[in-house]
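Two complexes come next, and they have one chain in common, subunit A, joined by subunit B in the first and subunit C in the second.
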Partner chain A sequence: MPAPSRARARGSGGITGGTVNVTANTGTISGVLAGIGAADVNVTANTGTITGGANGIHAATLATVDNAGTISGTDTGGIGIFAGTGTVNVTANTGTISGVLAGIGAADVNVTANTAASRVARSASALAVAA
Partner chain B sequence: MRTAARASAPPPIPAATYNIAPGASLTGSFIGLRFADGTVNVKDNASITGGSDGILANTLATVNNAGTISGTGAG
Partner chain C sequence: MTVNNAGTISSTDASGFGIIGGIVTVTGNTGSILAGGANGIGIKSNSNADITNGAGGLISGGMTGIDAFNLVTVNNAGTISGTSATGFSYGISASTVNVTANTGTISGVGGGVGGSTVNVTANTGGITGSAFGIAAATLATVNNAGTISGTGADSVGISASTGGGTVNVTANTGTISGGSGGIQADTVKVAANAKTITGGVFGIGAQTLATLNKRRHHLGHGCE
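What follows is the complex of A and B.
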């Protein structure tokens, strides 16, 4: 199994910062390492694409996501949403959250609304949360 | 006895709003747009691109994106 990729909080990201709130995304947010990288990430309406080589979203502490689009980590070891020792809360997902290694990787993962048509996919890790 | 003058702390920079017009392109060799605390509205087909980061916020970024925001890894 490949080692999980962990994007730096800053550098080679589409959006990086202390806290990043994406109130709406209908376009594309991309980074070589992470599409979004921050201590705290809130994505309240994504119908577009958030993608990074290592992580689509990398949160050091907390990621809260409402997704109807695509969030992906595309490299070997890539994880769609990664929070390390932190928490990922997916409040709704009607889209796709995927990674080569795992869809979501975090110490605490809460998926409260994931439709049957959507998927939280992975290829090789128990870190993923299946639809 | 002389008293050394103390430099006062600079005033905080207020949060700003950055509106990127439809079709506009904002490019930085390292960072496309950098600020401390701000709101960015990227309109249709507009883009923000940086060699490292598309947007870098020291504290807080609030983003409404209908275009493309990218860090290309070239910086």
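What follows is the complex of A and C.
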């Protein structure tokens, strides 16, 4: 029976890299811990919801986000977009990026187009937490 | 071998087959093709198989509902299942699995569909397993308007190998879910999600659970 050995790809394990590309989201991507988690995360058109308890998006290295919807970390200590010692590039935001602790947290954060009507909730402690 | 069945074709041996052959074509099944033994396979092909399972049709095996060595193409409006809880059973298993249409149910105690390459081009039904809805070692390409789910606590809805595998969701207007994650692979591409991708830990993941948990704890969720 070939399938059990062919398809041994479990959720628990052992990788340190990986890439997630979401080119269009009008629905909901959610997790109790994180909506999206990977080394590199690219979200090019979000008009829906990406949410998680700890992080809406968790990127170990780089998160690149164009957002017109909602990205949120909802638990205590939650961060909307988190990249630790990596980089978060928000190329456009006309929506909401929010967290209980911070909207965005990373060693390097670049927000190049955040409209006045939108909201990036980012606390002063976010970068310290990320570092 | 070509089969059109409206009755019952069955085996009771512990490692039996409902049907076994080289190239197996089932042009229609509204009856039952069964291999109820713990290691049984409902339909076994040592080459390629093309299976049309109509509404009310049942293809079931203890180990696997349908297993093909190379390629299996399935159009399902009935039920295809792997039922044994003693092994890692699949509804459908092959090197390459093409599900061209599913309006019925494909399920396994382990996984609904498993293979090296899995293509689901039109799912409006259910594809479920306790560990995986769909598990692909290399590539899973999915267009979903129904339900694809892993039902166990540590399960994933759609999984490809975290050592280089890819999941492409070309469109989702249904639900992709798992007890642990909705989608997990080394590379995940979601071209159009209009409804729900969700998991008990992550919605879409290409990273270790341990890494995420470490971050969660670091942020004051309980450990540090």
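A few points about this structure:
Simple rule for what comes next: the second predicted complex is superposed on the first by the 104 of 131 C-alpha atoms of A that agree within 3 Å, B and C clash if a C-alpha of one lies under 4 Å from a C-alpha of the other, contacts with A are read in each partner's own complex, and residues count from 1 in each chain.
Assume a contact is a pair of C-beta atoms (placed from the backbone, for glycine too) under 8 Å apart; a residue touches a chain by one contact, two chains touch by 3 or more.
Keep in mind the model is a prediction, meaning the values are calculated, not measured.
In the superposed model, C is the one of subunit B and subunit C that contacts more residues of subunit A.
Touch criterion met: A:29 reaches subunit B and subunit C at once. Looking at the shared chain after the overlay, A:55 reaches subunit C, while subunit B stays out of its contact range. Of the two partner chains, subunit C is the only one touched by A:82; subunit B is not.
Of the two partner chains, subunit C is the only one touched by A:101; subunit B is not. After overlaying the two complexes on the shared chain, residue contacts for A:19 are found with subunit B and with subunit C alike. Applying the stated contact rule after C-alpha superposition, one finds that A:39 touches subunit C and leaves subunit B untouched.
Residues 10-33, 38, 48 of subunit A touch subunit B in one complex and subunit C in the other. The touching residues of subunit B, when paired with subunit A in their complex, are 42, 52-73. Residues of subunit A touching subunit C in their complex: 1-4, 6-39, 48, 50, 52-55, 58, 60, 75-79, 82, 84, 101, 129.
Put simply, subunit C touches subunit A in their complex at residues 39, 41, 63-64, 67, 69, 87-88, 90, 93-95, 110-111, 114-116, 131-132, 135-137, 150, 154-156, 159-163, 165, 172, 178, 180-182, 184-209, 211-213, 215-216, 218-221.
Put simply, subunit A touches subunit B in their complex at residues 10-33, 38, 48.
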